Structures are given as C-alpha cells and as structure tokens.
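When the chains are written out, they are named A, B, C, D, E and F in that same order, and each has its own residue count from 1.
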Amino acid sequence: MPQPDHISKLGQPDQSELDEDLRQIFAKCVEKLGFVPNVLAAYSLRPQRLRNFMTTYNEIMLSPSGLSKLEREMVAVVVSSANRCYYCLVAHGAAVRQLSGDPELGEMLALNYRVAQLDPRERLMLDFAWKLTTTPHLVDDSDRDALSQQGLSQEDIFDLAETVAFFNLSNRMASATDMIPNREYHQQMRVAPPLSDH
Amino acid sequence: MPQPDHISKLGQPDQSELDEDLRQIFAKCVEKLGFVPNVLAAYSLRPQRLRNFMTTYNEIMLSPSGLSKLEREMVAVVVSSANRCYYCLVAHGAAVRQLSGDPELGEMLALNYRVAQLDPRERLMLDFAWKLTTTPHLVDDSDRDALSQQGLSQEDIFDLAETVAFFNLSNRMASATDMIPNREYHQQMRVAPPLSDH
Amino acid sequence: MPQPDHISKLGQPDQSELDEDLRQIFAKCVEKLGFVPNVLAAYSLRPQRLRNFMTTYNEIMLSPSGLSKLEREMVAVVVSSANRCYYCLVAHGAAVRQLSGDPELGEMLALNYRVAQLDPRERLMLDFAWKLTTTPHLVDDSDRDALSQQGLSQEDIFDLAETVAFFNLSNRMASATDMIPNREYHQQMRVAPPLSDH
Amino acid sequence: MPQPDHISKLGQPDQSELDEDLRQIFAKCVEKLGFVPNVLAAYSLRPQRLRNFMTTYNEIMLSPSGLSKLEREMVAVVVSSANRCYYCLVAHGAAVRQLSGDPELGEMLALNYRVAQLDPRERLMLDFAWKLTTTPHLVDDSDRDALSQQGLSQEDIFDLAETVAFFNLSNRMASATDMIPNREYHQQMRVAPPLSDH
Amino acid sequence: MPQPDHISKLGQPDQSELDEDLRQIFAKCVEKLGFVPNVLAAYSLRPQRLRNFMTTYNEIMLSPSGLSKLEREMVAVVVSSANRCYYCLVAHGAAVRQLSGDPELGEMLALNYRVAQLDPRERLMLDFAWKLTTTPHLVDDSDRDALSQQGLSQEDIFDLAETVAFFNLSNRMASATDMIPNREYHQQMRVAPPLSDH
Amino acid sequence: MPQPDHISKLGQPDQSELDEDLRQIFAKCVEKLGFVPNVLAAYSLRPQRLRNFMTTYNEIMLSPSGLSKLEREMVAVVVSSANRCYYCLVAHGAAVRQLSGDPELGEMLALNYRVAQLDPRERLMLDFAWKLTTTPHLVDDSDRDALSQQGLSQEDIFDLAETVAFFNLSNRMASATDMIPNREYHQQMRVAPPLSDH
C-alpha cells in the first residue's frame, strides 16, 4: 500500500526559496538529526510563524525547568494520544524512547498511558495532562493542589500547563494540515540498549 | 457575592520587579487600553514565556492575513466557547463587540454561534474552528476543500488553523491557572453606537 | 452584520389577534418591563399552552420557596449553559445581574459557573443542576443526601429539581423554535450600582 | 430480590391529607385506571405544582393536535430512552403498547427506536425527538424544514417540540426523586389482542 | 404498525439445508424452548462460526462458575443496556425475569440498572460491567481490588470479565445484522408467580 | 523506568501444570513464534475458555473468508484503537507490519487510521469497524448497503462484523486483566524489507 508522500496538505515552499536564517536552521537540523522535521517544513508556508513556533517550542521543551526533558516529552505524547494526533505521536513517541532508553514506554504512553508503571509524580502529571486536554473547564484548585503536594512549584505547574497547552496547539496544526512525520522516527530506538549504556 | 480577586491562582510577580522591556510593554497597555490584560500579568510568572506568547499572539491576531481582525476574534470566541473558557470568552467577546460594533454578535458567538446570521464564509470558518477544537482527529480533505471553495487560499487556511490552535493553547493556560479577566471587558461596547459611527 | 429579526422560526400571531386575557398580560409586561418577552410571543402560537407555560413559570420562579429568587435564576442560567441555550442565557443572565447587583456573576454562570466564588450551598445546587441536566440517569441518593446536609428540606430539593427540569423544557422550546431574546436584555445591569444601593 | 417500595425518595403526604380537589382527581384515577399514577403521588409533595403539572400534561398529551395520541406517546418513550428514565419508560411504554395494540413496539421504542419499522413521518419525528433531547444546541432550520416537508404545520412542529421538551422535564423529575412506577404498568398489554379487536 | 419479519438483514439458509449436527441442535431448541433462538438462525449463515459461538456461549453462561446463572444474565442485560442492543435486551431480559422470578428486575436492568435495589456484590459487578463496556481503557487495579474485597476470586473476576466481553461481541453481531428477537421472549414471565413457587 | 513484569493481573498457572493438549499448543507457539503469546498464558487461568478462545480466534482470523488476513488484522487494530487497548494494538500492530511489509501502516492504523492512504473498500471497512465499535446502536441499512456496493457479499459482511465484534471481546479481556504484550512484538518489522522481498 503506497503511503502518503506529502508533508502538509497545504503545501510548502521549496527550501531553497526560504530566507537565509531559516535555511541555516534547516541545514543545522540535517547536520544534527539527519533530516528537517516535517513540522518545520510545513510551517515554512508562513515564515514568521515558523520562527515564532520554533522559539516557543525551544523554550517549552528545552529550556531550564523543574520538569525534566523526558517528563516534557511524556506529556507531549499523552496530550497527543488524547487528541489522536498521528504526527506528534510518532515524533514524540520516538523522543520518549530515546530519552528513556525504554522502547516500550513510548508505546505505552501513545496507546494508553495508564498501563505504564509510573512513579506518583509522573502519573499525576499525565493525569493532569489528560484532563487539561479533554475537559479544561473542569480543572480546579484540587488539581493544582495535588501537583503542589507532589512537590511541583508554582513555576513547575505553569511549565506543565504550558507544555500541555502547546501540544494542544501543535496537535491541531498537524491535524489541520494532515502533516506526515518523517519516516526516520519510526525506526529510532526500537531495541533497548544494553544496560551499560544507561 | 464577592467575586474572585486573584489574577492567576499560580500568582505573579509584582510588576515593579519585572525586566525593563516588560515594564515598558505593560505601561503601553495602560496607556492604550487603560489596564494591563490579566493574561500578560499571569504569564509574567515566567518572563521569557510571556515574551514568546506576546510575539505569537501579535503575529496571529494582528499581522497581515487573508482573515480580517474581526474574523480572527470571532474564531477566538468560538474556540473558547467550545472549551468553555471564561477568561477568553470575556476578553475576546468584548473584542468582537468592539470590532463589529454589534453588541449582540459577541454574545451569540460566546453562547452558541449557530444562532448568529453569518455569511457562508464566516459560518464555514466557525464550523471548522469548532471541529478542529473538539474532534481534531476527524478533520480531513473535505474540510480543507470546503474552505478553498469559499475562496480561502492555502495561507488563509493555515492562518485560520493557527488561530484555532492558538486559542486551544491559551484557553488551557487560562483554565490551568484559573485566570480572571479584567473587569473592564465586561462593560465595553454593550450598546451599539449610532449608525453614523459605523 | 445584520442580526436575526424573527422572534420564533415557527412564527406567531399578531398580538392584536390574541384573546383578551393574553392581550392584558402582554400589556402588563410592556408596562412593567418595557417589552413583551419573546418567549411569550413565541408561545402565543398555541394560546392555551402559553397560559400553562406562564402559570408553571410563575409558580417555579416566583412563588414562595426555600430557594431564593436569585438562586432559582442562578440555576436557570447553569442549566441553560449546559444546554448552550442562547435565549435563556441572555434573558436569565440579565436576571442574575439584576437580582445580584453583580454584573460579572451572570457572565460567570453563563460561561463556566465553576469560576465563580460561591458559598457551598450554592455550589452544590449548581453542581446538582449540571448533573441532573447532563446525566439525569446517574443522579442517586448521594446527591440528595448532600443537598439535605446543606440544609435543604425535601420540599427544597423538589423545588430545585423542578427548576432544573423546567429549564430543560424551556431550553428545548427555545432551540426548537430558534427563539431570539429581546435586545433589551443585553444592556441590563452591565455596570454594578454604587455600594449604597445594595 | 426485594424491589423498591417507595414512590419518591423525597416522600409524599398521605393522600387523605390532600386538598379536596386533588383527592377527587386521585379517586377518579383509581376509578378509571385502577390506581393513582405514582408521578401524581410524588408531585403531591407540592400541591400547586401538581395542579400545574396535570394541566400541562393534559394539554400536551390529550388535547387536539396534529399529532395523534399514539405519536405523542411514541415521542415520550424515545425521549425517555435517550435519558434512560426508568419511570417514564415503564409508564409510557405501556401506553404505546395499549394505543398501538402492538406489544413489541413499546419495547423497540424504549430500547432502540431505530430497529422499529416506522413510516417516514414517524421516524423523522423520533429522530427529531432524539436530537432535541441530546443536542438541543444543534437543532437548526434543516430540522424544521424536514418536518415541514413531511406535512407538519408550524403548530404541529410546536406541539412536537413541546412534547419532547415536556418529557425532558418529567424525566428529570423522575430521576431527581427516584420515582418508581406503579407495578400495574408492567403487565399491561403484553400479548397482542386478536386481530378483530383492532 | 407492521413490525420486522426478518431474522437477520444478512439472511440465513433454510434450516433444512443445514448440516446434521446443527439440525439436531435446532430440533432440541424447539423441544426445550418451543423455538430456535434467532441468534442461532442468524449465525447459521456461517456454520462453523455458529458452532464456535454456541460452545463459547454455553461455557460462559452455563458452565460451573463462581457467578450464578442469574448473575451472568444480569451482567448480559446491563452490557446490552449500555450498548442499546435490542435483541439481547429482549432475550436476556426475559432470562432475568425467569431466573429471578421477578418481572420488574429485568426491566430495571434493561432501562437503568441503578434504580434496582441490589446487594453490594451485585451492584459492584454491574458497575464493573458498565465501565468495562463503555470505557475499557479506564479499568484499573482499583476496580479489580473492589471485586476481590466483595469476595470474588481471580477466577470469578475472569468469568465476570469474559461475560461482559462476550456480550460486547454478541451485541455487535446483533446490531450489525439487525437481528430481531423471537416474539416469544416478550411474553415470558410478565407476572410474578405466587410466593410458594419461589 | 521499570516496566510491568506481569502477564495478567489475575495471574495464571505455571505452564507445566496445564493439560497436555494446552502444553502441546504452547510448545508449538514457541517453535513457530519463539514465544507463547501472553493472551494465551493469561487465558490459561480458565483452560476450557482458553480452548474456546483459540478455536474462535483461529476461525475468525485464519479460516477462508472473503476478507484477506491483512484486512482482518487491519480491522483488529482499528477496533483496538477505538478502545485504546494496549495489548491488542501492540500484538496486531506487529501483525499488520508483517503482513503488509509496511512498517508505517500499523502505526497509522493504531494511532489514527484516517491518515492512511487506503483504497475505498478498506477505508469503508475500517469506518464500519469504528462505528460498530463506538456506536453499535446506530448501525443501519445504509452501512450494510455501502459495504455491499463495495463488493462484499452477505458472508463477507458477516465475517467483517464478527471480526469487529471479536476484538471488542478481546480488548475488554485485555483491559480487565491488564494484560501486557510480549516484548518481542515491539521490534518486529520496524524496517521495510527491500522491494525484492515483497
């Protein structure tokens, strides 16, 4: 069965036509990852919006925070699972496999995070992610209090909330454009490394 | 009944402690609007994230686009209605009243947009906003094709999708922090101006 | 944007053609409120049903009861919010603003009552109203017991239930006929009176 | 297994303590039906509300209308099925069996009306009843137009809508009070009469 | 109103054309029940699948188990209620009436099991049946633990789960084929036997 | 993060204690697959039920039918996606990758089948699987007719329906027991074979 060969159903400019700053970023992606993530190519239809998206993404996912990078990726996957977003589940499922060194964990979070054996802090954050995604109008003090009791500071709760909120944005951009993930993600870290690598 | 007197349940720094650039922006808000929108105060708990939020907001809501500013505000209100987000319904409901000069239109969009008499392009955009918000996994080619047939370019569809996606982000930030809108919004443009003002 | 100019999509007789008793009631409305509420005009398509509707309405909303008139209006708004009923949200949102002297309270109840700061009795009644509206088959002894423990008598619980039930009726009449509220409601009590008026 | 022996969980006065007019009505019920329907006993906790309920009920279910009495009972059952209301399904399921002379029809409507073989007018009315019950905010011109095309006048659509609306009220009164139907209903018309009786 | 006269919308072979073993089973049904249950006739379109279905059914519903036959039938009805399956509600509602000797119990379970007065073990099993049917992905240790605490062994929980699971299969076969139950079920045990029969 | 090391939360007997016929089957699994699928080990808590499960499974998934084995596996995955069943998504996702030689197709079907490029027959069968799983009470003649028009015989529709129905059974057994899939599935066919292998 031939699978989709588009990046975004809205199309995108040829990369050679992009502004110099964007071409440099894309070159850096190829250097580091081996490819330009399709979300960036899809967003290049609107270059200034692409710049803002990358700035926001980098701050939320990579800047210093009380949440580890793995925790943020776990949140990304659970939000995308609630929204059944193919692009983000593939791309961030791979990230969870890589950061955790656990090829099954990404699958569990993508398919039904409740089957994973998580410590209480992680489980609470993922329950919050699911609730804020599916019934945001029901979030209340009891949810914030439970996170505080697990040791999250007000800034940590803010960062958690913004991670959830951001993937509710990006899931919808992926669905609205029928964005297809790069094939490379599918094969990443499917086998757990030997224990000495941990 | 005493109503909430917090801005965000996560708290926020005193404005005098903010970086110079943020203080200047807040001063400008007071100058132009008479107040600092509470969403900005709430976001100032995490200053760099506030900067990114404002940059993204301004691009999506105010930059040149095939969608008018009123159309973008209408989308904001319908997304917020689907998510039952109090903050965004109050703030952007006021914006719809102001930009349209029609005090009832904001109410209709906030409460059930299907009762408003809209031209087919507007109605289609709002139906798309509702669907992309509530069942993003069901959006498909037929939705994009219908928008194209109403004259939206690929860039217009991108901008529409990002407006929907962005309010799915900001609705969740408001719900996660129990953000309360500035009281000023409630009174804005409750009476239609005389016709000569249109 | 021109907004709807109909009262009900099913039409209604000219008021001059109504029976004498109904014309007198309508005249009294104009005298007291300045207008005939559109729900009465819409119902006049079926005069005997209009009479019954008014009798039931007056008993439920205005007769002596353990629930205050403001509490009954608050319930009306929360039921109408669950059902996304434009007519009732506009008309009874105005009533909440008037009876409470609090222009924001009506907005909160219409958009997401969980953001309002309510005393436990009120909050419990509104939670009950939401549940009885959206999942009536799940109401059970624990719900009735909780209301009793807040001091409601059996008669009070009956009156609360009938208020919820009645707006589930009237919301559906409004939706079925696309009933449009009188414009006057939109402007009522948008600014809180000076404190001495309370 | 002992089954419930209450009429309403809120209790009700002894019938001998009721006002004369209500006692006469109850006596007439016993004369005609063999029993006082429990909904009336349950409502007698609030006598004036009982009077209004009976007046409204009689007008909607028994007065001259473009809808036959069987059609109104069919609507009652389908609304009650959507709301999973035990009391109304038992009482009005029996009424459908009696009025139609078809012991299976009441079962079909109570359990899943889509399996019944209905003429297009009936099916359309029942689809409308389901939609107005479960998603009233989505009812629009296309629904009203479809009913008109099946020959319903504006008054007929009004009567249909009010029947749906009324059972959304009474279903909630039954659920709120855990009203238990009289046992007599269960046995009524379980076997189809010989053809000559039709 | 003429009611459906088909057994399955997919049709089925004439019973005289079936293999000998199946004809013998059908003859035994007539002998014991007075008729061949339509589910067997419908399944005979695919004879080997019919054999497997009967084997599975007999093991789950009739073999020795920590769950009584009545309990298994009660589970069957509640699952079918959640799925609004007409065939199974009629056939297994009759079985509940027969096995319990209580003509109302089957009605309660079919229409809204929460109104029945059940002992805690039964209520817990039916709550589990509802949850495993409607939100299987949310079942977790707390559900299994609650069943254990009511005295169910691991094997009992397995049998309960498989009963729920099996009716989720058979409900869907009935819906997919529009299977119509034999008329005989409707009249079975509509009147409670005199007490001495219990 | 340590992942689950149980097979079923209800436990299972040591394989050496099983009856001879089951031990032989398990030995054959090891010979052919390299392992005993955990669903069989979990079911061995109730040996006769295990036998019936295997018989039914083999008939539905492996016997001659108008549906290809790949089509049946695709249906299995889409049903399991609707029910968010971790076990079946992992095990049958691997089967789709193997039978199709397309490592991405299994992912697409597990996460959101609507993004896959399917021929109309396949898409229709998967849409039917989703509908029969999530809203069985809404399946009607129009669904069956659409399948007929795509060339499915009555027997093919039966087989499709039973495949859907069977995974609604097995998904619930997996959820009820918290069944964990064998780790081997995760690594199977993650890279597409060179074209000459097809």
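Keep in mind that, in the parts below, a contact is a pair of C-beta atoms (placed from the backbone, for glycine too) under 8 Å apart; a residue touches a chain by one contact, two chains touch by 3 or more.
Model, not experiment: these values are computed from the prediction.
Interface repeat of A-F: among A-C, B-C or C-D, over half of the contact pairs recur, by residue number, only in B-C.
Taking the mean Cα position of each chain as its centre, A sits at the greatest distance from subunit D. Per-chain Cα centroids separate subunit A from subunit E by 45 Å.
With each centre defined as the average position of its C-alpha atoms, the distance from subunit B to subunit E rounds to 52 Å.
The distance from the centre of subunit A to the centre of subunit B, with each centre set as the mean of the Cα atoms, comes to 24 Å.
Residues of subunit F found to touch two or more other chains are 84-85, 112, 137, 140, 178. If you draw each protein chain as a dot and join the dots that touch, the picture is not a line, a loop, a star, or fully joined; it has some other shape.
Every pair of chains that touch is listed here: A-B, A-C, A-E, A-F, B-C, B-D, B-F, C-D, C-E, D-E, D-F, E-F. Interface residues of subunit D facing subunit C in the complex, by the touch rule stated above, are 9-11, 45-46, 48-49, 52-53, 55-56, 59-60, 63, 83-85, 132-133, 136-137, 139-141, 144, 154-155, 157-159, 161-162, 164-166, 168-173, 175-178. Against subunit D, the residues of subunit F that register as touching in their complex are 137-138, 140. If you check the complex, the residues on subunit B that touch subunit C are 1-4, 84-86, 89-90, 100, 102-105, 107-108, 110-112, 115-118, 178, 180, 183, 186-187, 190-191.
Of all residues in subunit D, only 112, 114 touch subunit F in the complex they form.
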